[in-house]
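As written, the chain order gives the labels A, B, C and D, with residue 1 at the start of each chain.
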């Protein structure tokens, strides 16, 4: 169990580390369906570092977008101007996402549970009278269902990492092994959950998310304390390698450090 | 073939209280000016249909125009919550809001079915999600060839589609380009269609990536330059991202929103728009 | 991302005996050069899939490449019969031809279903026609919301799509414009796709009405100027209507057709094409 | 019963009269789904005479085509160049034809029967071993099903006008009253059959085609003799008015008279 306590350089935040770690999950030349926010940031970082031929697909129908500036929405004009082609919203979901042509789906989450199910619909109360009404599904349910695999990016906290999501907006592994097949979900589902503390991966046996990586300077106990279920730690826990100079340079060009 | 009229006339003639109104434009070409005119005309009990209710729906909901929302993602893109939408769902203010909630893929296929004159669309979707339990517009369907279980969604057939586009010619043929969203489907699925445009031109000179909606499927067209702000019109003006960020503060408190409504909507004239 | 190869190499690597091959291009951009190369390579037992089998299918059928034809209209547009096709159906020459016959709307929806990763498509069609009784790829389906009876058609999932387009860039991104037909659907419904183009260019300068097929859904591209003749390539050359009329005499008699095959197909070189 | 025996001018053939009569069926400002051959000729004649705002839609996806020359195929480049918009083949059938947006469908036929059902599939033998294999359905079945109404153009002969078609490629009125509704066909179906001898229309009671017009110089008995069922003649049989000078001029520009 490798637990040398490397720490991150002063100028690298946990969010920076999370974004860099997420970007590293993307293989050059593959196609990635990109959610807005952290996923978009990480995907665009990947395209500027090790994956220049990453094909970015946004639910706005922009296929092969190469934004020079980070888009605020999934429908910024920049995406259409730089795309290989722009198709209608029905087409991007029916012809491109649904058949499983897209290798990786990159999603965020408000709540994620032990079996990597995602909630972006309500928190507290019931559906008719929620305490907090979240935006809802968007493209996520079908991205989670049909992409070859799914990578989730979410900050780790007791609020976000729960035993069981209050509302299943997008299915990870349902109640466990065999559920994706039973539900007819053809993609492999979530293979990695990238947080500001480390990386979680599903246990092949139980489909339960376990901690496989911590970021430099993060004690596994901190990750446990930020998780709403008994988080298991992989026998061979790894420490994420800190951002390289080129990764940091590219990240800073993408998102200037706070205050700069 | 589609008359060119003023914004207020267009909406007064085509949209009535209680109508189901598809207000489309996927981030791009959102018909804000038309929505503000609906508020000025004090339309009530509307069923608002839109994949991504953003500021435009927050405003209509806060102004009390909307009885029911049919949607798939209700947020302020890249910023956060829609506070008027949340206030309606969480506290029933200004009055309770009925919702019919879907995913983008489901909504897109509901429009496609409506545009195609079919009662339903088929997709691989919703399976295992809790969305299924909260609407009667999602049902299982079995492939008659393979026996495979898939999902059917009920067609959308709005009374009216309201969209914004870049240009129309004097006959009312409409041209739009950039991100296409579901506007064509929304127009073809609806019984009537109002289109606001940046400009009326003599000739729709062909453009890469542009689609044309023939005048004979459009009810009327109104020339409204800037009609999509703070959203954008590809080739005319950019998205006002600052405006989207600023909305968070405006919409957070009922009073601030009411003041905004007075100044920015009721304080302006649709005929002049 | 899609390799640029010679015509003969492209087809030798991608199309095998017994494959189902979608050969599309609706009057426009018909992949004649690719079809002739299939004849030269003496492909056999192909299941040929095409809405409008015209001269190109008449030639493949007459040359003995085709075991089964999946189609919706088999004629010489504006001229008359396809004599090689008729000879195969009426007299089993050069050998019997199995057929799976549909309407254009049905075939189009079968491609759409295939491109969408669905096992079937739904339409209002075939009801009351005798087409229903002669294929197992048409079945009734009931709307789970309204109970309405509609028609389902089985998805098309060809082994290979072969299409012709105007241009590709060096990465293999394909651009085509003019009448679009079902080429995009055929490519996306198929496991592999060969695209012949009029020219390879450094940059796909955007064009009105043009669609782009990204290289990552194309298996390989071959540059074949004139590859659609006697059909046409919008912006490059016109349809050779005289050639279509002349085909009637060439194809009417087996001997004349055999002579044409020797001179115009086997007498030419695919690598040079 | 008006039976004055006007005759056609020397230079006007029966086909010319058929085309002119068919063109007259189209109302200006309506949308017409056009089959190739005689229908296309008649529709283009209408656009050049009384219906300049006729919207021509071809199954090639060309909507609002305004061809300067008569197309040989339904996919000539001329149609795309002059169209208001060009859509894919799936779109023209699903978004435009199927919902019933198109007022008139203009069809040809190899065989048509007493109840206006159309056969363009086989003649003689059986389906597996036909004596004559015809091209097949194309867009006709759905045009016949979904257009507001249908106009058929076909030369009248015993071969073409049969008691019952050998193969129902496109449904007219099936076996008679109520069948269209029973089959879920939403358009009104064939309202006129224009031939080289006259015009047939369905009897509202029986949906049987009866002779309502003869062209100038045509005796109703000639029409009867060219029909494979007991053709009934309308009580108020009319005589088609001969082509006007403008109609003839436009027709000649469209299709030069034989030998000229």
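Here are some notes:
Heads up, the rule we're going with is that a residue touches a chain if its C-beta (ideal position, glycine included) is under 8 Å from a C-beta of that chain, and two chains touch if they have at least 3 such contacts.
All values reported here derive from a predicted model rather than from experimental measurement.
Two chain pairs, A-C and C-D, are weighed by contacting C-beta pairs, with C-D ahead. Chain A and chain D have Cα centroids lying 59 Å from one another. Centroid to centroid, with C-alpha atoms defining each point, chain B and chain C lie 39 Å apart.
Chain C and chain D, compared by their mean Cα positions, are separated by 29 Å.
In chain C, the residues that reach two or more other chains under the touch definition are 117-118, 123-124, 148, 150, 184-185, 209. Residue positions 94, 98, 146 of chain A are each in touch with at least two other chains. If you draw each protein chain as a dot and join the dots that touch, the picture is not a line, a loop, a star, or fully joined; it has some other shape.
Pairwise, the chains that make contact are A-B, A-C, B-C, B-D, C-D.
Partner chain D is touched in their complex by these residues of chain C: 26-28, 51-52, 71-75, 77-79, 81-82, 85-86, 89-90, 101-105, 108-109, 111-112, 123-131, 134, 148-150, 178-182, 184-185, 209, 232, 234, 238-239, 241, 244.
Those residues of chain B that touch chain C in the complex are listed here as 117-120, 122-124, 137, 139-141, 143-146, 148, 150, 152, 154, 206-210. Looking at the complex, you find that chain C touches chain A at residues 1, 115-118, 173, 184-185, 188, 211-214, 216-217. Only residues 29, 31, 53, 55, 63-64, 84-85, 94-95, 98-101, 146 of chain D touch chain B when the two sit together in their complex.
Those residues of chain D that touch chain C in the complex are listed here as 36-37, 59-62, 71-77, 79-80, 86-90, 93-94, 97-98, 121, 127, 129-142, 145-146, 167-171, 174, 179, 183-186.
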